[in-house]
Amino acid sequence: MGPLMDAAFCAAWLEAAALAVAADRERLTDLDAAIGDADHGANLDRGFSEVRQALAAGGPGQPLAVAGVTLIRKVGGASGPLYGSLLRAMGKALGESFTLAGFAAAFQAGVDEVARLGKAVEGDKTMLDALGPAARAVAGAVRDGAEPRAAFERAAEAAREGALATVPLVARKGRASYLGERSAGHEDPGAASSALIVGALVTADGEA
Amino acid sequence: MGPLMDAAFCAAWLEAAALAVAADRERLTDLDAAIGDADHGANLDRGFSEVRQALAAGGPGQPLAVAGVTLIRKVGGASGPLYGSLLRAMGKALGESFTLAGFAAAFQAGVDEVARLGKAVEGDKTMLDALGPAARAVAGAVRDGAEPRAAFERAAEAAREGALATVPLVARKGRASYLGERSAGHEDPGAASSALIVGALVTADGEA
Amino acid sequence: MKKLINSPGEVVGDALKGMAAAHPSLRVADRVVYRAAGPRAGKVGLVSGGGSGHEPLHAGFVGYGMLDAACPGEVFTSPVPDQIIAATQAVDGGAGVLHIVKNYTGDTLNFELAADLTEGVEVAGVLVDDDVAVQDSLYTAGRRGTGATLFVEKMAGALAEQGAPLAQVARVAAEVDGRSRSFGIALTSCTTPAAGKPTFDLPDDQVELGIGIHGEPGRRRAPHAPARELAEVAMDAVHHDLPLYGDLLVMVNGMGGTPLIELYIVFAEVEAYVRAKGARVARSLVGNYVTSLDMQGFSVTVCRLDDELTRLWDAPVETPGLRWGR
Amino acid sequence: MKKLINSPGEVVGDALKGMAAAHPSLRVADRVVYRAAGPRAGKVGLVSGGGSGHEPLHAGFVGYGMLDAACPGEVFTSPVPDQIIAATQAVDGGAGVLHIVKNYTGDTLNFELAADLTEGVEVAGVLVDDDVAVQDSLYTAGRRGTGATLFVEKMAGALAEQGAPLAQVARVAAEVDGRSRSFGIALTSCTTPAAGKPTFDLPDDQVELGIGIHGEPGRRRAPHAPARELAEVAMDAVHHDLPLYGDLLVMVNGMGGTPLIELYIVFAEVEAYVRAKGARVARSLVGNYVTSLDMQGFSVTVCRLDDELTRLWDAPVETPGLRWGR
């Protein structure tokens, strides 16, 4: 059992994720231009701006649940409902305060929801290739009795590696799959943004 | 009175003009791109190819009259009817054989017809700025008792100078006039093609 | 140059083949596009034409309520008299034929030659010259004909369909032209198949103001600006020449390479401009109608309506390019 | 990037403003485009939608005989469930609503979420997946929906207008999709307003084969070739998947930046191809209908007609983008 975490941490995470997405907006769109339709950075940046507004408006509800619903309602595209469902599922599973183990379980539940909705598995060259390893890294850290900070660092590392590992893959889901063999040799934009979002856990932990 | 010239000379002139236009097709279109619609070389080349075919088919009639009707019927645009009328008027005025003085008068009649149809005067930055001086040069040569060769050389020179003199002018007729002041600084494509066609008189005379 | 063509010399012929195959309502013969149904006895015939590269103008406007025949020339080159003569003779239903001619030296010369040479048919002509970017004076070639050509063809066509005599059709055609003004702005040049390269170079941050429909450069260049400002430049030019009031027919026309989504954005600005002047967009058209090959940009054409013109505009039309009421 | 826009973020909103102003037959509210006349009691409602940038699809096909509402997303981004829920509830005339969804992850996810969340309305869906450039298998996202969307919207719309029940409208919609195939070729990339630069670079002597309608690169590159050969590549791909015989509905569709004259040239080749296979182009459509912003290129969509589908195609339609019979 790790120490207790709370909703404020979730809000800080979302804030850090929003900043990271805004900073890399152009890179994400460029990745999407190569094997998709050149809007991933714009989509997520629009979505996370809305998330920040929704959180600033300060309504009730777990920040992750609020963020999830906001992404679903405001982004559109593939990544809107997928990231939205990830966060909504996590928010549903987490209360006002929770342990790192609770967080790990919620994270896995969110990732499972993405896989279910997207009908995708790891190796399909999607965000799952970063999210899946990241969720397992947090769970592993919990088993090892690690502190949140170390857990998040391991998750961020796993997500980054997972994202990079999409480069040689041939896409089987999403727009990149239309390219067939030509999708190989490019990093999946959704995996890249997942690495950013998971990486924001570390930033948020540093601040909290 | 100069020596007698004949229909064969007219045919040779048209042939030489066709070759000159074909060789400078791209330059003429480029001139037209700058202040018109980028088709002058294509128009004239298409027209003179048809003229060569019509003459090769060997029907009856003065070659210039045949050429004139062919240009009117096949080219379109501004230059088709204008050059066509120039040549048709010349052909009407000339018989099977004629003197240089007769040619000079016919040339002037053709130029007058262009001015009438185009409602243009010299200085409007059109083909007239090359054709007018050329016709006067032939007439002058006749007055001076020059040989055809010398007359044609003077005409070619006058046409070239006339064409170059269009560069600073602001166009008042044709598409170039739409550009207003911006038409200054460019040679008029029709004046340039007129210089080629008049210049072909010299080539034709060398061959005849 | 990347174009969907077989070769530069075959562009017009191949496109006409495609038109004929796509539209059973049309018949193409010797470079003239006719209504397949042929002339109607007693109806004034309408013939238009001009260089190709402006599609759907003119051939796309052949059909019930609009043209009887169109004479397409080579790209940006007016048709030759033979085409016009053949068309004029073929569409005469005994009530005479109206030539609708855009004011370009080449078009006027070739239509005049054809009118002179057409025997046994009463021919009247209307000259379309709506482009306010060009100064109209005795000492110029006069204003170009651009977007208003569509208005003239539509309204004169409706009147002819209703059985009006030639003189009246010609009068209304001239009236539509007199009540119409246009102004165009290009973001890019077009590329003619014959030249194979853009007619003019336009830096990525500049636009051409006051362009025509043949890739002629405009009167001047200006920095690229938001749609709102470009629409204002165009509408100011129109309004300066034809003060806007009352009911207007407004066309926001793409130059061929501009997608519809952008034209709607321009239309929103144009409509707001008109409203701000206290006038009203009573009828409108948004799309690529009078084009300049693959040029990106737009033109706006405004016609001051009255009750008769509104009725003529609303009358049924059935052509490949414009259709309503049947 | 040179576009006729005010700013990248305002593109869709501004274009909808223009559509509403240009077409009194439409009503725009909260990013949904409706028929101004509202739902008709007892008629099945048709809702479609998808990313913007494909104009006139979808909003341009709202009107009599076609859609009841369209939900435009951001450029190339599927709409959000809220839009779809609002549209679905608004157009229900008591006979249920058909969702016409192009097969993209984003579109299917958002329409599914919306269908789940819409209360009190019977909802059926049809997935359009006509693009033979994409391999269809259990292990892929499946074929994209492209040109056939227009066919589905037109024919299902006609059937709904005739009062058919939801199940039958859905069945015919699926049948139209099943009988339709598409293939697209790009000469240039498009430029999304958000990215501000072309999605892909294509050398001046190359084309992309098998492109979609979102600037996704195609399956492979090939040297640029005459229209005849490009048409053959596209038609071979279609014919390989859906052997051509009998009466066909054929659309030669521009990708947004291709002028009509070139599309007619392609159509001439496509028609010749069809004839050579012993089939017949019974109905056709040539123009920019299912576009990809300013991309230059074309797609061809073929649907095998039967008598019922021919009747549905010929039935009256009155929308900004497609109109005949009224």
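For reference, chains read A, B, C and D in written order, and residue numbers begin at 1 within each chain.
Basically, contacts are C-beta pairs under 8 Å (C-beta built on N, C-alpha and C of every residue); 3 or more make two chains touch, one makes a residue touch a chain.
From a predicted model like this one, the values you see are computed outputs, not experimental measurements.
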Chains in simultaneous contact with chain B and chain C: none
Label of the chain whose CA centroid is most distant from the centroid of chain C: A
Averaged-CA centre spacing for the pair chain D and chain B, given as whole angstrom: 54
Between chain A and chain B, centroid-to-centroid distance (C-alpha), Å: 74
Averaged-CA centre spacing for the pair chain D and chain A, given as whole angstrom: 32
Where chain B touches two or more other chains at once, by residue number: none
Sequence positions of chain D contacting 2 or more other chains: none
Arrangement of touching chains [line / ring / star / complete / other]: line
Interchain contacts, given as pairs of chains that touch: A-D, B-C, C-D
Parts of chain A lying in touch with chain D, wherever the complex brings them together: 29-30, 33-39, 41-43, 46, 72-82, 117-118, 172-175, 177-180, 182
Residues of chain D defined as touching chain C within the complex: 1-7, 11, 14-19, 21-22, 52-53, 55-56, 60, 187-188, 204, 207, 224, 226-228, 230, 256-268, 271, 281, 284, 286, 288, 291, 293-294, 296-298, 318, 323-326
Complex interface listing, chain C residues touching chain B: 51, 73-82, 104-106, 109-110, 113, 133-135, 139-141, 144, 192, 194-195, 199-200, 212, 214-217, 219-220
